[in-house]
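Dropping the structures in below, format is structure tokens.
Both complexes shown next keep subunit A, but they swap its partner, so subunit B is in the first and subunit C is in the second.
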Partner chain A sequence: MQVDKIAKLTKIVTIGLKTGRVTIKYPFGAPLVTESFRGAISIDNTKCWGCGACVLICPPNALSMKFEKDNIIIEYFKGRCIFCGMCADVCPANAISVTKEFELASTDLEDLKEYVIHRTSKCSICGKPIGPTSELRSVIKSQPVSEEYINLCSDCRKKLFAKAISIRFGAST
Partner chain B sequence: MKLDEKLKNIRRSPWVFHLNSGSCNACDIEILDALTPYFDAERFGVKLVASPRHADVILFTGPVTREVLPKVIRTLNAVPRPRIVVAIGSCAVGGGIWWNTYSTIGGFPKLKEILKEQGVEIDRVVYVPGCPARPEAIIYGLLLALGYVKQKVSKVTKVVES
Partner chain C sequence: MSLSSNLKAIENKIKDLGGFIETVSDNTVIVEITKDNLKEFAKWLYENNAFLKTCAGVDEREINSRFTLYHIFGLDEMGIDVVVKVSGSDKDYTPTISDIVPAAEWCELEARDMVGIRISGHEDKPKFILPQDWPENVYPLRKDFSYDYRPQSEFSKFDEELPKEVGLPIGPYHPILHEPEYFELYVEGEKVVDVFYRGFHVHRGIEKLAESPRFTYKTIPFLAERICGICGFVHSSCYVLTVEKAAKIEVPERAQFIRSIVLEIERIHSHLLWLGIAAHILGYDAGFMQLWRIREPVMVLAELLTGSRKTYGINIVGGVRRDIDESKKRKALEILRNVRDEFKKVVDVLVSVPEIVKRASGTGVLPKEDARKLSVVGPVARGSGLERDVRKNYPYFAYRYTSFKVPVYSEGDNLARTLVRIDEVFESISIVEQLLDALPKGPIAVESYEIPPFRKAVGAVEAPRGEDVHFIITGLGRPYRWRVRAPTYQNLPALKVMLRGAPLADAFLTIASIDPCFSCTDRAIVIHDIKSGSRKFVNLFYGRRYAGR
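Moving on to the complex of A and B:
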């Protein structure tokens, strides 16, 4: 029995010596972050259009959109984010990138929030808000759209177009 | 600060109690992972205890289901002051994927309001996001609660120039 116990002990000791120390010295040393790890996202405000594709795809509604009088605000709440990275996949402007940041602990919920503020552009005829200014600019860049029509809301655009067509077919006004 | 003076006594070795309020078990497994020799939270004297009456810090997981709400309030009431809560995971921080379901109340911020009505005071709360939170993130949150490390995140406001 004694021999068995000593044999077992020597086996464990040899395994322990072979493996060495496994504990990582985390707060004082580097964390164990692999290459495929997904952390919090970061929104590049120079690229973002404010189209809201990320808001629609977000499963836990961590990204939300708020419409105010002059601003459109995209709010990213890290506390509710499940770090799936679907927003980065769906973003048409490649403005969202997944970082490896995971040390997000905070004592206040407001510290976990990130705001991206877009200015609203308004219809040049009726003054109704139509969308973020940066989105309109990116549409002009990618599509040959007449600048007369881009600053109009959908109702005013329809009216103008109908008027132009009717004049072409011989209407008086 | 009175709380910081009291924290100095706890800093020697914080005893933690693991409180699951309807979590999916992922965060609970990560808490166990943080206590294993690989990450070894016991370097800081962290010890898992079986009773909330012995605990200094509560490791709180889950979105607080309606079924478990009275039990959670009773458990938190049993914790001696200063009560420190580390809310771990997206569910505990902001409701997570169950942010608008009928059967959960939506994480610790909502529970805090209910506790205020019941007269249970919480001295310090640390929110640790993650789905599930990494063992390192849990250790970091615990150390932030005890005042070893400084907070890294802050509120960010970006304005799109147009």
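Moving on to the complex of A and C:
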């Protein structure tokens, strides 16, 4: 009985010997992550419209949007990113892709930031900023006749429309 | 008894006491009652085998200009949640029910601290959740309190807190669990005579943050997942379950299956982690290494199915974001088969190691009656002979399509809790296999949904540590009130019973044996009267430290 008990305890040695070494020589050797791993995102500058859907959905506010005089800047800060990939799910332009990158440590904070800069279109009448030029371009592509009024801000558009209506009903130009 | 006859009984009782049934939906009954009759109704429920799940204080001034306290009871045998609502102005006193239901003490004090609901019977108790230097009459969970407000600190107030005598401090970190906690054990020789616990070092105000404009229904699952580092998916599942219940969203079956699968994988990894740590605490490091080696493929499996080792991030209201295809299914079944074989071998050795068995058996005993009084949950309850499991009592997601045993041991000691967890690992592996085999076809999320405001719902999910309860009052764009009760919140008061009278050397294992998750609980203060040798629940909060005042 006693011998049995001791024999059972020593089984852990057999288990250990059979398994051998399981630790691996990181960072050398095969990649650590599986095929479905979600890492940092990458934004394709050429595809992005600057609509800001990703900024709205981002749970930790890793994506933010800044409005400057001539530019609209989307900033991606990897330091805050939780790698959930919600932005890639909502992007209407498929500009965001989830990579497998996770070794992001850096001594410089700027290395963790990525920017997408869009030029701001301005209203051709009053000069007020309307939105990113690339977004307006993509609207023109999908909506026929929109190029007629796309370069106007919503206020000027309303004014023009009201004027057109009033002319139809007999007002003097 | 059928559901309707149970409802009849509740309805009759509530009518006798001058209250009324507000709403009945699925398995939740919301009743409103006057303050004077609250105690009697609570007593009636408690005598009918109801467990107190939690209570939640809500600032409802924007809806009906009142402050409301919700006591959430669960009739486990019938699978009904009874939400008892008591409201009044901020001047009114609500009677405490903690003399009848001892488990209510913590959450009542929380409602007092955070919302400012006055509760008679708790007037002179020290601050519970908030730090001692928090200004008077400032209540963080009231709606007029901005979520980013930071009050000035008065350090002098901390001096009042210092104990008059010095015990043996364990903390601010558990030596092995690496979690913020603070225990003071008062000892006579080698025997622990008293315990003091001060928690809430890492209270992050998540409930408040979720009410802020920073978050919406869509992004809160990711916040909820970060309540706990080990059982985060439980919290996000519980949140989406509660929202779906409140808004009556029909979730596709495939999504329900995937959620259950991931929940069980989380349970396997959590139990393996705990078993390893228990072996480590008892000085059996060979077991620790082997168990954690077995755990690694489970983590890889979780990553394969969800895209992340932890904080899976696949839960959204109305479904899940990642599907399980055939190749993943095959891989998962293969990994689980290996895990089961390897775990069986190691556990066989583990439960025959004398240093484990001798030190775990007979220590940290929690008798069944105390377990019942404190409404403990999870492996702690099941180790003390209470057959409580949300998966069986209130079936959610895809658990109704599986068959599994709920392991129950009646000894109530550390060994019983260990054995419960060992058995559960095997059960969980079998549940995942059953679910993967029966995975139905179809979409994994609903296309669109609407969440009407001011609906109430209670949701419960069985976490590795026990029952996790969320209570939600829906609002516009985000919950009006979101109350989270982590399982450790319910189990921590039981430590006092387990530790008293036990040798000091067993304290570390006993504290670890409830598998505490301080960060997700973070709320607390407990002691016991040194002189009362009996296990009576008198003076739950007046321990040695406050005895002199």
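Everything that follows uses one rule, which is that the second predicted complex is superposed on the first by the 161 of 173 C-alpha atoms of A that agree within 3 Å, B and C clash if a C-alpha of one lies under 4 Å from a C-alpha of the other, contacts with A are read in each partner's own complex, and residues count from 1 in each chain.
One rule holds in what follows: a contact is a pair of C-beta atoms (placed from the backbone, for glycine too) under 8 Å apart; a residue touches a chain by one contact, two chains touch by 3 or more.
Since the model is a prediction, treat every value here as computed from it, not as a measurement.
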Tell me which partner A:Leu9 touches in the superposition: subunit B (first), subunit C (second), both or neither. second
Between subunit B (first) and subunit C (second), which, if any, makes contact with A:Cys126: first, second, both or neither? neither
Contacts for A:Ile140 in the overlay, against subunit B (first) and subunit C (second): which applies, first, second, both or neither? neither
Tell me which partner A:Pro59 touches in the superposition: subunit B (first), subunit C (second), both or neither. both
After the superposition on A, what does A:Cys48 contact: first (subunit B), second (subunit C), both or neither? first
A:Asp89 contacts which: subunit B (first), subunit C (second), both, neither? second
Report for A:Phe77: first if it touches subunit B alone, second if subunit C alone, otherwise both or neither. first
Touching partner for A:Val22 - first (subunit B), second (subunit C), both, neither: both
Which holds for A:Thr34: it touches subunit B only (first), subunit C only (second), both, or neither? second
Comparing subunit B against subunit C, which has contacts with more of the residues in subunit A? B
Enumerate the residues of subunit A that count as touching subunit B in its complex and touching subunit C in the other. 22, 59-61, 82-83
Residue numbers on subunit A that touch subunit B, as the complex places them: 22-24, 26-27, 31-32, 40, 43, 45-46, 48, 50, 59-62, 77-83, 102-107, 109-119, 121, 132-134, 137
Any idea which subunit C residues touch subunit A in the complex? 214-215, 218-219, 222-223, 286-287, 290, 293, 296, 300, 303-308, 311, 313, 321-322, 328, 345-346, 348-349, 352-353
Interface residues, subunit A side, partner subunit C - complex: 5, 8-9, 11-12, 15-16, 19, 22, 33-38, 57-61, 82-86, 89
Please give the residue numbers of subunit B that touch subunit A in the complex, ascending. 37-40, 43, 90, 93-97, 99-100, 109, 124-131, 134, 136-137, 139-141, 143-144, 148-149, 151-162
